[in-house]
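Same chain, two partners: chain A is paired with chain B first, then with chain C.
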Partner chain A sequence: MTKKTTDGLHSYIPRLAEQLGQGRVGRRDFLRTAALLGVSSTVAYGLADKIMGTSSAALAQSATPKKGGTLRVSMNVKEISDPAIYDWSEKGNIGRHIVESLTQVGSDNVTRPHLAESWDASDDLKTWTFRLRKGVKWSNGDDFIADDVVFNFERWLDPATGSSNLGRFSSMTVEEGGKKKMAPNAIERVDAHTVRFNLQTADIALPESMGDYPALIVHRNFTKQGGNLAENPVGTSPFALKNFRVGETAVFERREGAYWGGEVYLDGIQYVDHGDDHSAWLAAIASNQVDLLYRLIAQNVPAIKQMPQLQMYETVTGQTGVARMKVDQKPFDDIRVRQAIQACIDHGRLLEIAYQGFGVPGEDHHVSPVHPEYAKIPAMTQDYDKARKLLAEAGHGNGLDLTIDCVAQPAWEPNTCLALAEMLKPAGINLKVNILPGGTYWDRWTTTPFGFTSWTHRPLGVQVLNLAYRSGVAWNESSYANPEFDKLLDDAMGVLDPTKRKEKMVPVQKLLQQDAVIIQPYWRSIFTVANKKVKGFEIQPAEEMHLNKVWLDA
Partner chain B sequence: MVIFLAKRVGYMLLTMLVVSILLFLLLEVNGESVAVKVLGPYTSIEQRNIWLENNGYFRPLYVRYFDWLFGIATGDFGQSIRFKAPVSDILWDRLGNTAILGAATYAIMVPVSLTLGVLAGMKEGSALDRTISLTSIGTTSVPEFASAVLLAFIFVFTLGWLPGTSAMSGGFDPVQLILPVLVLFLYGFGYLVRMTRASMAEVMQTPYIRTAILKGLPYRQVILRHALRNALIAPFTVIMLQINWLLSGVIVVEFFFAYKGFGALLLEASLNQDIYMIQACAMVAVFVAVTTQTIADIGYTYLNPRIRLGG
Partner chain C sequence: MTDNAIRSARPSKIMQYLRRAALIRESWVGSIGLGIIVFWVAMALLAPLLAPFPPNAQYVPFMAPGFNLPPTGTFWLGTDHLGRDILSRLMWGARTVLFYAPLATFCAYAVGILMGLAAGYKRGWIDDVLSRSADVILSFPILVLYVVIITTFGASGINIVLAVTFASAPGIMRIVRGLVLDLRNRDYVAAAQTRGESSLYIMFVEILPNARGPLIVDACLRVGYVIITIGVLGFLGLGLPPPDPDWGGMVNETRGMAMSFPHMTIFPCIAISSLVLGFNLLADGLREVSLRD
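Presenting the complex of A and B:
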């Protein structure tokens, strides 16, 4: 069970501090792991500064925030009725101004307590105790209590809800007749402000998973009161939904009364939907119709640099796209075909052609160098002779005709597919790129034999692996089912020590790479832009809008 | 005249009925895909079947069709999948927005085009005629997406005079209408000018105009009283036809300026396979098309004394 040292910190912290001092873990790793173990960010930053002799003054605000004003943001306004089944970060951004999550992943990719005040884990990482913040009020006047949390988890883990959280919290589930369901006693209400999670397998990413956008906590009576957040927006956040029209606008006003998170500066937030045309987003901010964009696409970066009233924000992320092959469908059920395709790829070249070089090349195992557990393994190299040999062995010596499905926008996705098609030609593979308009790709993203899917950033590498490559989970789009992979992933997810976890990641990454389930061209940087009067804004790697501390310097 | 009107309205209804059958067959035959669209891809077969049962998808096709048709006739277009709201809640607002855009465009385009067209047609081959013809050919041959980009570059990014998008998020703002109207005007007016000019030029060649001039009537009176009415028949048809263009042909402009109109709605509905919304939009578009056609036919008989019905 949980071990505590005399000064109240988790028993692992002193060792972690020692590793930081020796330079064996980075400052980022240190902060993340300390936060994971329930150390407040102030204490963690203080410790890191003390050990490394640095100053975290960057986090301190340079000017006194001013109160007032409405921040106008350009972003698609999508349907938001049920947070449990959100599948777009835009939905999460609207929903987050009403309801909040237990943890929050900051712009520095460090997970911090939010509705949960602190937590600790047993040494085997199978028992997690979360203490909830006291004095948090729902907008209807109720107290935020453990029952709210229990209600949400039980709802997520009920397969009938259709929530992606079923995969995200798979450590709380058991399989019965081929279907996942909540394990008995997985969620335990200890008292009004304490919840304990009893996991089937160790899970280091639990606090991170709780900060993901479908894990927003709704009121315990959500289902009873109609189960529609847009119609009945009861929440704990400092804002109240005043007007909401899908495809048009979402208007928030600051609620009366104190907010648990301290001072909130904005009087209101207005999201405006400018459709899918990125030139409209650009025109909106250029003509001062909005103060902030949800997203700036890479090809518009040069235009922004011409406008002195605007401030651009950039961050390298775990955002990526994967050309994933359905491993149980022809011809991709033959590993030699997949490996042949893989052998044709020059990842760095794809980054240059399709994304102007803003990012880092991928390695076909979906773990990013920005992830703390990323292990450096030998990269794949382009080898057409190998590709031709593999194809001949698989019986496609006379060439192979393939089709890949992808979305039309954003442009980097079809561009990447077109570049990919060119790269496959010398090996005799004729790849047709089937560009699907608007949302239609998302009707077939889990079923098409060959598709290019974008994946958002997640703070830990194991999180995506758990969501997308573990056998049988909802978002396993490639139908990859390898018990050995599942086991190796379990092993890695049970290790708290960043250096040791890296070692455990080597076989995980190697296996996924060798099985050639995905072609992962690159990890991309993301951008956004704000008017210079917007202060206190930071770009978050998963494109989450954290606006509670943003203010306007009018 | 009454028989003529009744026939016209009859044809109109018949056209709409045929279109409604086609639409229904195209979009609704596969109930399963409707259920997937509504409930999401993670739902089980049982859940889908329950939904299909509850929504009457297991009834015979013709029963479902008449049910749907009755709904439309009474203003109930069903529930939008994308907007999670009744289709009619969204549709009428968007249609109203496009009507505003269209009306503003017409208010400028029709007087300007007719005036320029008549001026050009009055003296074929004159310097004025050449200038007007050249300008109108030039603007009409630039597609909307190109002129939208060009105008946005000049007025939004370079001069900073006009707002770049027209989402009207803070309520109706006439300034936001300027760019979309300008783009539509530039594209639409050339065609109308050319038609008016050709028609006017033709009328000016006719013997009765020559007679009017020769018998010493003031030139002004010849144009206004004798030439104009006959010269307006062809442009009138074009004006009526362009109502259809303004309704669904403005997709590009509405998309580019993020204007929340009918064209953008139709695009959004199609991209998201919002079946009831597509059906409703298509029915409305067809209704407008056949109605303007009917009005054009009736208007013809008024303008052209050679077409007289029923005596």
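Presenting the complex of A and C:
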């Protein structure tokens, strides 16, 4: 049964407030956890301000937004027909201008209500009740109701859909004959605007998962009406898709009528695809062909600083790349080989060489210091003697020839692999870097013995661990299967208290680090750049484009 | 005097060739070209001795020319985006280009000459088949042909040689065939035929040596084109696989940053153009000298 305090807040909130007052949790942890427990962001910010004596109002915009104009954005325009199977944040960005998600992760990495108005969780975190926003209209005139949400969840959790949400919401699934499927009664329609989720295991990341890009909510008749968002763009967003050509452009116009989220300033948004060449993106913004880039690569930061009309945005993220080893294939099935490779790595040096030092060194456990549950554990240190000893024990005393697959673009990925290859040389490991076109790499990313895969930012550390390292899940590219790890991860995911969850993360992170499944060179900062006339834009750590409040100062 | 004494009094074949080659001194254009080529050949051969750093070793990224890092040393042309010494990479890259460009040209000539001799001397259906096949290959834009071959078979030195051979041999065949069509009607060919010499003997001993003049000039120009081709393939990301230095690849990897760090792109560009210029000037010189004969 859900416990609530007399003022309607979750029973955990007063304790959390107390911890914030004592400095045991940070302001960011407080805001995030409060939002996770269904406290509206206004109330959460207000509480935090009261406790800490700060003022969020001072952060508000000083200028009055102006209406009108079309924002031109340079970004790859990819195929967008079915949000459930999106696998690129670019797809999510286009899709998000048509359909929306139940929650949204802001530029401060805090998850807030979006199509869902509020939610609460039972104290065991196994029963979550989501109250949907009333008065939200689909572009075809229908009301947004609980049936829409139920339809989407049932579709995601049907293995036939092939959605990564099956792993994302694994707490709503059961295994039958080795296959995951939706647990009976996992989703309950309480009334037209209330949905209840009955989980098999506790899951603190449920609201964050609902904000991820494959969790965009389509209309309940999506499948019946063809199942193609590009051809039949019915949505709740304030924009309407006017023109869409893969690899070329996506044009949106503001819809007539009121939007539930209040005033929207832009008349339209135009995405232009400038291909994979970052110098073309740079040239496009430098010559004023576009107002905003989806991404500015680190190598181009110095060039931007010479252009006074442009404003650069930067944020440290949970974005990273991992040189992951297939633990069930030779020679990586021998843990000594993996640990030997790990012992050759100086993470700080990789960051400096391959990413100009913009970011934080990695620790080979895929939990970032920007994640709320990150536990500081000892980092691995470079030790060539140890590496040589391990290799000799594994029968590779005379050297070892390896090949790593990676994509050609963005350049930081092959550059990291080249830096890695230099670093392995002193231990007698000859690493060949096999640079592939993007499409070729992504065809084999889960099967190649040794590959360098980029992972996008997710608000909680446990989310990626759940997607990529749990036994048997679709995106488990290393084939890592360790029941002990799965159990420790379950334990951590059942804990709400940030300090206690940190404690539970220590064994999780240590185990992954010691099993040497991945070499994680660094957590990278990301950048983007806009013309200074673009106002109200904030860089989001998962590179999501939230443009509903952006305006142009003509 | 005996026959032997007469023979020993005449300069050996090698000496004859060297003396002919020395004629290039009479053309100042050719001398400059030769000088540039000799410079790069020396750089390539002596790279292990002259290069101040290992070509793939990483130090400090993005440093300008003249950067000094005690106690490691001075980076006279600066470092690239991965902190590698540009001067050392240019020297080692010269080895790549000066190995593969002449090798690819040689292979293209071997195939082109065989096809041209056979087509021009034998005529008939052999000529028809070879000439039409060559027309088919020549009808493709050459760069498209390279890209198709390299992407199909993968980027490696040997595949670049194969691609250049495949794409250039038909052009060489046409030149050879044209020369053979003229030479096959000469009296000395008729004499050899009357002597009952084999077709192979006539093609390789009677005809080919007399066609060498235009072919040598064309070969020099063609080496230049192949250098550009290797550069272009590297620039398109289809050159030799990294990390080993390749001039075209060096331009490709750094051109996006050329606005901020021009030195990383300019020096390999200068290297490519100077070497191509060297071969073109040499070809000009050779033509000049051969016309004077």
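In this section, the second predicted complex is superposed on the first by the 552 of 554 C-alpha atoms of A that agree within 3 Å, B and C clash if a C-alpha of one lies under 4 Å from a C-alpha of the other, contacts with A are read in each partner's own complex, and residues count from 1 in each chain.
The rule is simple: a residue touches a chain if its C-beta (ideal position, glycine included) is under 8 Å from a C-beta of that chain, and two chains touch if they have at least 3 such contacts.
Bear in mind that the values here come from a model prediction, so they are computed numbers and not experimental data.
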- Based on the superposed arrangement, let me know which partner A:Asn300 touches: chain B (first), chain C (second), both, or neither? second
- Hey, is it chain B or chain C that touches more of chain A? B
- Message: One more residue to check, A:Ile377. First (chain B), second (chain C), both or neither?
- Response: neither
- First, second, both or neither for A:Ala354, with chain B first and chain C second: second
- Task: State whether A:Ser279 touches chain B only (first), chain C only (second), both chains, or neither.
- Result: both
- Message: A:Ile85 in the overlay: touching chain B, chain C, both, or neither? Say first, second, both or neither.
- Response: first
- Thinking of the overlay built on chain A, is A:Gly247 touched by chain B (first), by chain C (second), by both, or by neither? first
- Task: Once the structures are superposed on A, label A:Ala419 by its partner contacts, choosing first (chain B), second (chain C), both or neither.
- Result: second
- Task: Once the two structures are superposed, pull the chain A residues common to the chain B and chain C interfaces.
- Result: 277, 279, 282, 303
- Enumerate the contact residues on chain B facing chain A in the complex. 36-37, 39-43, 47, 82-85, 149, 152, 156-157, 160, 162-165, 167, 169, 255-258, 260, 264, 268, 270-273
- Would you mind writing out the residues of chain C in touch with chain A in their complex? 56-58, 61-62, 81-83, 237, 241-243, 253, 255-257, 259-261
- Task: Within their complex, state which residues of chain A touch chain C.
- Result: 277-279, 282, 297, 299-300, 302-303, 306, 352-354, 356, 408, 411, 414-415, 418-419, 421-422, 432-435
- Task: Show which residues of chain A lie in contact with chain B when the two form their complex.
- Result: 72, 79, 81, 85, 160, 162, 230, 246-249, 270, 272-277, 279-280, 282-284, 286-287, 289, 303, 437-440, 443, 446, 474
